[in-house]
Amino acid sequence: MEPKEIFEKVTEKFGGKAVELQGEGFRPAFVVVSPESVREIALFLRDDPAMKFDSLMCLSGVDYKDRFAVTYHLHSLSVGHQIGVKAYLPREAPSLPSVDMVWPAANFQEREAFDLYGIVFEGSWDLRRILLPEDWEGHPLRKDYKYPEFYNGIKV
Amino acid sequence: MMESLAISLVNAVPVLSGVPLWTITLLIMVMVAAVVLTFALTYSGLATYVERKVAGDIQARVGPNRVGPVGILQFLADGIKLLLKEDIIPAKADRFLFVLAPYLVFVGSFAAFVVVPFGVGLIASDLNIGIYYVMAITSLVVVGVMLAGWSSNNKWALLGGMRAAAQIVSYEIPVGMALLPAVLIAGSLSLQDIVRSQGGLFGIFGWNLFHNPFTFLSFFLYYVAALAETNRTPFDIPEAESELVSGYHVEYSGIRFAFFFLAEYGDMFVVSALATACFLGGWHVPFLDAEALPALWGNLFSLGVFLGKTLSLVVLMMWIRWTLPRLRVDQLMRVAWKYLVPLTFFNLLGVSLWLLLFHGKGIPQMIASLFG
Amino acid sequence: MGLKDYLYDIWEAVATTAKGMRITARYGVDPRETITLQYPEERWEPSERFRGFLYNDIKTCTSCTMCVRVCPVDCISLESVRGADKKMVLASYDIDIGRCMYCGLCVEVCPPKSLKHTSGYEKASVDRGELILHFIHEDAGEIKARVAKQVAEAAAKAEAEKAKAESEKPEAEMAKDGDPDSRAAQKDAPPPAGGNPEGGGAAEKKPGEEKE
Amino acid sequence: MKARAEALPTQEMLINMGPQHPSTHGVLRVILRTDGEVVVNARPDVGYLHRALEKIGERVTYAQYMPFTDRLDYLAAMNCNAAWAWTVEKLAGIEVPERAEYIRVIVCELNRIASHLIAFGSFTADMGAFTPFLYAIRERERINDLFEDICGNRLTYNYVRIGGVSADLPDRFLEKTKEFLDYFAPKVPEYNNLISYNKIFVHRLANVAAVTPEDAVGYGLTGPNLRGSGVPFDLRKNEPYSVYPEFDFDVCVGTGERGTLGDCFDRYMVRINEMKESVRIVRQAIEQIPEGPVMAKVPRMFKPPVGEVYFRAENPRGETGIYLISDGTVNPYRLKIRAPSFVTMGIFEKITKGLMIADVVAVIGSFDIILPEIDR
């Protein structure tokens, strides 16, 4: 299915919660959705017989300087099409619902986004730091991250 | 036996008649023990070298080749290295048991050398309960291993110790059962007697291995169970390098570690020697009766034959080790209780019935009697 | 599990083990299968494109800093000053091979192909400082001072000649640097390289020719 | 019974497996909660090798990032190189000469063989048989020799470039590769005889940690791990990139031949069979490789257009996806690497429940994880 059709279907179902379609320059194209409805749309995309996006390829956080975003790259093994889903978040206290009950693969990648961007995934079954130590301060992949001089008294 | 030796010594050398008999007996005992221990240690050291060389050959490598010609002195270098290494005792270990454990293992393994019938008359102590003694004394090893695992205060070591206990306790049964046919045939528990019972008939056909189909099977069952007894691959789960890091001796270093190491190779020798004595005819070879040879030559010849057979079995163990993967702990138990134990019992029954039906005659004897 | 399966299990275990042992035995007894090289005595020939330690032929190096810029791990450090002939003169060229990851990007971009991978791969040291390869053994400060002096002299000479005769081509002073392809006429003297503590005041030093 | 249980209280053990452990394939740490030998819960703790490769990516240029991709999955550095190159080429729309694509496929498939050899070898070593490991290393050395001829390094190749490859094939490379393939092809059946079908080995793996196809897809398993669960999905076939459509090869899937579908044995056999398929691909590529240039024209100050692209390539450990955001400058704006091993670790906790400690080792080995890729 073409991204446009997918976008239309999502808009049909969820109305204004699907904000726009980012097509030009984006491969795969992104359906931009409002962050609070991510889980519903994810469920819809997974279970709709025409979509069947059963596999979450990649989940990543992005820092667009003025705002954050979480992107989901979905793929359907049975239908064989791809789509990206993107949710923009404010820089202050970014949070959105977790999709790990939709695709279990999301858990580790959400933890990574939480670890490196500080994006909180509400309702995640296990949201801890994953790559960095538990007591690390800050979220390094943010564009405004300042490199620490010391970590637990050890010079970095 | 020592006492009779002492008496004959006193008779031969009149100067000693003033010395109390027990002193001479004790001296002889110490000397014999020293000889056996020296042999055992030298063998263990060389066995480590051979093991590495076998591994190297099998793995398309060279193996140790730097110390001495073709690396033969590698074991000395290793020994010196282990002696000089720091002796680490973990802070929260049970110090007494931690120190005791390697000695128990070492003693358990090397005390069994006492009854090994190296050759005609070459036996440190011909106990009339030889096999029984070996089974009992090698079980001491498991106590040492368990203590080592427990006292190290390390969970991996504990798991290794527990595994070892379960394993050795389970495998004692098939080992004992698999050895019994030899005892039945010889009618004695003394290893010397068992070896003697396999003479005659051009040497090779007198061996218990070819006595009847059941003893033939018995040998292999014994060998498999003995592999497990010595914690060798595929049954090396108490050490299980890739799972338990090193199992029960993970916290040991230096000379204490060396004790475990030597004991393992000592064990290998003991079980192979038992297999040789019970199934492969000990020092008997075709066409040559060692006991008929002149005294010293006969002794040396029989020693050579016995060592040759035993060491081939040891090398076979190494060969198996470098071929096979390792069993899991539950599979190990399954092998013992579902396969080895029933089969050894079946074998024992078979051998007993055979002996009963054919009046103790083996197949080669029957064939021989057919031809007159 | 029937008796047949039971016996088949045993048979399979024995048979597969025997199969495996036959293979290991073949390797065990066949000496041709040994593939180990006895390293310090026997050595294997690195291939033509082998990326070993870097070597910079500083005679041909033009101090263009391409290598410094392309290096992903910043293991090359280079200091250069502008010489009297407006060419860059290397003051120091160091490669930290403890940091270098032998990716070869610097060699690829080097315009005069002066930077090369050698076939060297053996260097153990107990001190990290030994892992820094210096390609210029002279002290960087000295070179800078010397070059600054040359520059100052050249400038002074140019000034003087300019004042003396407008028509004459100032080519004589260029040959002094020993550079055959030195450019012609320079209008104004280049400024002394920054960071040189002595600046142009090192006039008492003799103008040296050695570049290395 | 109850009174006895009270008299003999038992406790769960909390065991720390790793980060230094012989068979966690690096610095993986697994926090085991066991009841004796039986694992109650095994929680992976990753990140001991975190080198911030994604952050570094925002600092260096597109071309400079190539050596860092070597360090992602160092056992398949060529594949990672090529994945990065393909991503950037997709972003910038660079046409790569056909010869370069063929060379990439050859080196990628050779590297796949090398990587699977290590997977096979280290897995058998985990299972207690050390000899196959050395045989595998021996074969891999020959691949390394080939790679050394071609690019000069034996582990971190940095051979592929954006727009092609760094240098054309050296003389006699194709012949040497053919010689290697002729040497290697009979080795795979030998491995099978030596260990794959060994009774003990089969028993250690069969029915252990079976992953159902639904779980495999849901948890994002990819590559041999996904195919081991019987899902015939291979990016080289299903989402072809480069010149893979030119080649005839089969997608190996697990069949549950010695136990349940998707168990450790199936995953292991998929890798063994894939080595054979890779040999086939390389043979075809050697036959078909055209002459021509190996590098497209890429400006030195390479600035791709603004855009976001997600590209995934079939690497030995699964699909390596690279999500690349460009803001039109010389440096990537955001670079996310979807490492197959990292995603695979998500299912670890679920499938190790109720196994034995020895099986945990088998599971780690059968997933063929590699830590630098997990931790990045």
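As written, the chains take the letters A, B, C and D, and residue 1 is the first residue of each chain.
Simple rule for what comes next: contacts are C-beta pairs under 8 Å (C-beta built on N, C-alpha and C of every residue); 3 or more make two chains touch, one makes a residue touch a chain.
What you are looking at is a predicted structure, and each value in this text was computed from that prediction instead of being measured.
Colleague: Looking at C-alpha means, what's the farthest chain from subunit D?
Modeller: Relative to subunit D, the chain with the farthest C-alpha centre is B.
Colleague: Which integer distance in Å separates the CA centroid of subunit B from that of subunit D?
Modeller: Their C-alpha centroids are separated by 45 Å.
Colleague: Measuring from the mean C-alpha position of subunit B to the mean C-alpha position of subunit C, what distance in angstrom results?
Modeller: Those two chain centres are 62 Å apart.
Colleague: Between subunit A and subunit B, tell me the centre distance in angstrom, where each centre is the average of that chain's C-alpha atoms.
Modeller: 64
Colleague: What positions in subunit C touch 2 or more of the other chains?
Modeller: Within subunit C, the residues that touch at least two other chains are 9, 17, 20, 23-24, 27, 35.
Colleague: Where does subunit D touch two or more other chains at once, residue-wise?
Modeller: Those would be 131, 135, 138, 194-195, 198, 200.
Colleague: Residue numbers in subunit A touching 2 or more other chains?
Modeller: Within subunit A, no residue touches at least two other chains.
Colleague: According to the definition of touch, which chains form touching pairs?
Modeller: Chain-chain contacts present: A-D, B-C, B-D, C-D.
Colleague: State the interface residues of subunit D toward subunit A in the complex, per the touch definition above.
Modeller: These residues of subunit D touch subunit A: 46-47, 50, 52, 54-55, 90, 215, 217-220, 231, 233, 238-239, 305-310, 312, 319, 321, 323, 325, 334, 336, 338, 342-343, 345-347, 350, 375-376.
Colleague: In the complex, go through subunit C and note every residue touching subunit D.
Modeller: Touch residues, subunit C against subunit D: 9, 12-13, 16-17, 19-20, 23-24, 27, 35, 46-51, 70, 72, 101-105, 108-109, 117.
Colleague: Which residues of subunit B touch subunit C once you look at their complex with the stated criterion?
Modeller: 54, 57-62, 65, 319-320, 322-324, 339
Colleague: Looking at the complex, which residues from subunit B come into contact with subunit D?
Modeller: 55, 58-61, 155-156, 159, 162-163, 233-234, 236-237, 240-245, 322-331
Colleague: Which positions of subunit C touch subunit B when the two form their complex?
Modeller: Those in contact with subunit B are residues 9-10, 17, 20-21, 23-25, 27-29, 33-36, 38.
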